[in-house]
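Take a look at the following structure, please.
Chains here go by letter, A, B, C, D, E and F, matching the order in which they are written, and residues are numbered from 1 within each.
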Amino acid sequence: MSARERTGLVIGRFQPFHNGHLEVIRTIAEECRSIIVGIGSAQCSHTFENPFTAGERYLMVSRSLRDDGLQDVSIVPIMDINRYAVWASHVVSLVPPFQVVYSNNPLTRRLFSEAGFEVRTSPMFNREAYSGTEIRRRMSAGDSWTHLVPKAVAEVVREIKGVERMRDLSSSPPSGRSGNDPVEGSGEEP
Amino acid sequence: MSARERTGLVIGRFQPFHNGHLEVIRTIAEECRSIIVGIGSAQCSHTFENPFTAGERYLMVSRSLRDDGLQDVSIVPIMDINRYAVWASHVVSLVPPFQVVYSNNPLTRRLFSEAGFEVRTSPMFNREAYSGTEIRRRMSAGDSWTHLVPKAVAEVVREIKGVERMRDLSSSPPSGRSGNDPVEGSGEEP
Amino acid sequence: MSARERTGLVIGRFQPFHNGHLEVIRTIAEECRSIIVGIGSAQCSHTFENPFTAGERYLMVSRSLRDDGLQDVSIVPIMDINRYAVWASHVVSLVPPFQVVYSNNPLTRRLFSEAGFEVRTSPMFNREAYSGTEIRRRMSAGDSWTHLVPKAVAEVVREIKGVERMRDLSSSPPSGRSGNDPVEGSGEEP
Amino acid sequence: MSARERTGLVIGRFQPFHNGHLEVIRTIAEECRSIIVGIGSAQCSHTFENPFTAGERYLMVSRSLRDDGLQDVSIVPIMDINRYAVWASHVVSLVPPFQVVYSNNPLTRRLFSEAGFEVRTSPMFNREAYSGTEIRRRMSAGDSWTHLVPKAVAEVVREIKGVERMRDLSSSPPSGRSGNDPVEGSGEEP
Amino acid sequence: MSARERTGLVIGRFQPFHNGHLEVIRTIAEECRSIIVGIGSAQCSHTFENPFTAGERYLMVSRSLRDDGLQDVSIVPIMDINRYAVWASHVVSLVPPFQVVYSNNPLTRRLFSEAGFEVRTSPMFNREAYSGTEIRRRMSAGDSWTHLVPKAVAEVVREIKGVERMRDLSSSPPSGRSGNDPVEGSGEEP
Amino acid sequence: MSARERTGLVIGRFQPFHNGHLEVIRTIAEECRSIIVGIGSAQCSHTFENPFTAGERYLMVSRSLRDDGLQDVSIVPIMDINRYAVWASHVVSLVPPFQVVYSNNPLTRRLFSEAGFEVRTSPMFNREAYSGTEIRRRMSAGDSWTHLVPKAVAEVVREIKGVERMRDLSSSPPSGRSGNDPVEGSGEEP
């Protein structure tokens, strides 16, 4: 199989999908015929670190890639299973067949290497400018952020009232664990 | 929102995706701007009833719909959670926003109705001819089956050596539960 | 501790709570100071065998016992954990402290005996007349059933439109497993 | 439905139930005909943050409310499911039907608002005086604490030897995660 | 690596461990330097089909193999995960490294083949004489059974009062699902 | 039962198994006829804190004890269940019957005491010299570590290329939670 016939896999949380992610996928598209975009931590939503549901992130990615003209992309939500020894098998069973994994994360690289996959370094982008953490901070602080994401992402965030949700969540205390406790401490603890 | 701007959801197991499924999705495409195809029981594979992984089924659906010229389709694997009272929320969190659910299954219809969604009757097709059960039987028996599925599905099944897998599995005893037991009964029980 | 100071535990699915259940609890109330009523299989709902949610069943039990003048009753939903070796510990951690278990089920009797609890035979009632299976059949068939349950249960079922739900579910095929599949077989399989 | 006919839901961890919690529930009782008290993080126990089992907390709440003369209260243990997108459905399925949620926690407020419930601000109390964290600290330090809780709670804690348990647990290292490791580090790590 | 340096894996439920199992392991011992015996469905116990806990089965196997003089055997309980696509990885992570899998079960053979392991046919034994199903039937019926198992198994069953447990369980109704329901049907349903 | 006929249980994570662990087990062997070694957090691997799989740790323990001449030892991987109220039952169901638990961990001591077991203080060893944390640090830093573990452990680590794995993992960022995200932050976040 020549490089141009390969399917490449790249996994991110995409909270939210931003211009840096888009650049990475464009670069991979030059090396692979098909791309699989895994939406990691699919079970997470409604926290400051993970504000958007897997379905909302799916829409951000699919509209952005369509607007960009990228074709032959499969988008797949992937729930965490919290057992690294079976994680590669978990991913393999959920996504279409692939040959190459793009990642700079040592753990991801090792798990897919041990499972027999070719692992390549993920293309770099200007991560000073593009960072999920920074975009989430800007959303909740009321700073500008739409220039850091594809136009489609700004649209989706507006449709789902994402900024309002971010602001609500940023007033929650950080400890997500005891979040379902509205009495204890009378509203200052979660 | 006019009917033509709606997003419709349809969920199936697609073991495998066949011409009847394709007809249903074509008909829904006339009523909705976008379609979400949920791949149900995504955690199942390698049994006679559920031979193909979610990723393999994803590829069957995406190639078939692309060949058919259908656009603006989101494909989403959905694992069972076995708790009907939260099932609609589970689906909602995993797929892009939608307005209409297509289903003839009373349980599915009820759960999405209770969750406030419009539920429409799923379009009919010739189910004498198109049936997953019958296609799986034909695969394992060596009978002809490729005329019952889109060309892309036959391709995918060949690439993943699906018929060989079906034949292996059809020689397994039916009780999947005790399937990890190669000693008990010396190979006749699983 | 004298018998009259003991707390007794009785567990049922209560799909729905009926006059036979009420009789049993009345009899236990003569032997114990406090009663704990565990609502088993709390995660189940929306199937023909288990139509009502744990919360709906909680309301059936609490209103019926209040109308009957029974006091000092704790009602506790208990989800299945499908591991019998830890099931007694699971129940113990969810309910207030108790000393006696009332059950005629050999498995329940054995698990609580092995855990060191006193186990007594559950009082008998006329099970020809009172049976969850029969009441569910009557509900879905449109036969009379309200004379078989406490008045409060008939009320709750009316408030939650329970008979309508039963009828919907009785038109579902029996195999709950593939219940999220509205396409496969075009509405005849679930 | 008039305000006085509504059922209100309030959820807390109640580690332990204290006078502040009692005040909140008394105030809600003036606005609602029925109250549901959810015992959150029901699966937690035997840690310094969550010393008491759900069943022990159930008893604390039920005895305190009975002593206080509060009626028509349903107490329901609720296990965490760690998926916020389905958490409201999870709670709805476990408790009797309700109309209003009382909470000052932004996440709880948002999740129930998105699910279509009326959400009200939880009544305030003197949280300098009443705090689960402070009471647990006092229990383990040997300081006075019984004046901060209803008399019934002090009774329950004595019956279950709760202070002794708190002291044992406070000598455990904080990292609950590796708590089942008695060899590593010879008793200084858990 | 020569055949005599290999480690072989064999998995069974061992409900209970019997002379047929012992024969199989003896034969494998002639082909491998080390043997791993996986105790499958480790989470199951206290049902008629799976009466013994994983720990009890561990003791049956370890004492029998020690009495037989077999050395270099690793015994590992393996809980079901009910997802065949990751099952081989699950087993691999729980047991010491191995090279060969012995199984006559087509599913087991396929899953380990797909994972890259050598799979050999499990040695045959007289399965008319040795069958877990038959031994369980004999235990509950009061027929002789100790001649069908290693002496150590008969000892373990006596120590844990296994026959008494089997008889209790055989009077339970078959439907394990509703096993925690002592009221419904007044003791005739579980 | 005399002390010399007892079976003792000791549980550790053994990341990796070291000379301190071996000393502890030798001392217990003088007090008990049989020993059960539970491998805790069996589901963990491939992180800096928990680099080795349960199966790799099993091999470290079994080879070390065999080399040391210790007999009648049962080694059992134990997955965390994260519910302390049922943890003792969970362990009891997975391991052969035992009478004494050796532990210096207050939580472990309390849970087994509440479950009715005799709990003894775990023998002390020189924990300045022997510490899993220190050995893992040395492995990833390239410092000497083989003098701190049994010869068999050094062998196993070499066979599974454990030091290479440790070095890979030590270059991962600490937050294991978002470990499956190779895009977000371009390789500097996991």
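Assorted remarks:
Operating definition for what follows: contacts are C-beta pairs under 8 Å (C-beta built on N, C-alpha and C of every residue); 3 or more make two chains touch, one makes a residue touch a chain.
This is a predicted model, so every value here is computed, not measured.
Under the contact definition, subunit A and subunit E share the contacting chains B, F. Of the two chain pairs considered here, A-B and B-D, the higher C-beta contact count falls to A-B. As for how the two copies subunit C and subunit D face one another, over half of their interface residue numbers coincide.
A separation of 43 Å divides the Cα centre of subunit C from that of subunit F. Taking the mean of the C-alpha atoms as each chain's centre, subunit A and subunit D sit 35 Å apart.
Of all residues in subunit F, those that touch two or more other chains are 45, 53, 83, 85, 92-93. The list of touching chain pairs reads A-B, A-D, A-E, A-F, B-C, B-D, B-E, C-D, C-E, C-F, D-F, E-F.
By the touch criterion given at the top, residues 42, 45, 53-56, 58-59, 62, 74-77, 79, 92-97, 159-160 of subunit E touch subunit F in their complex. If you check the complex, the residues on subunit C that touch subunit B are 43-47, 53, 165, 168-169, 171-172, 177-190. Residues of subunit B touching subunit C in their complex: 10-15, 20-21, 24, 38, 40-41, 49, 78, 80, 82-85, 87, 102-111, 121-122, 124-125, 127, 131-133.
Taken in their complex, subunit A has these residues touching subunit E: 83, 85-86, 88-90, 92-93, 116.
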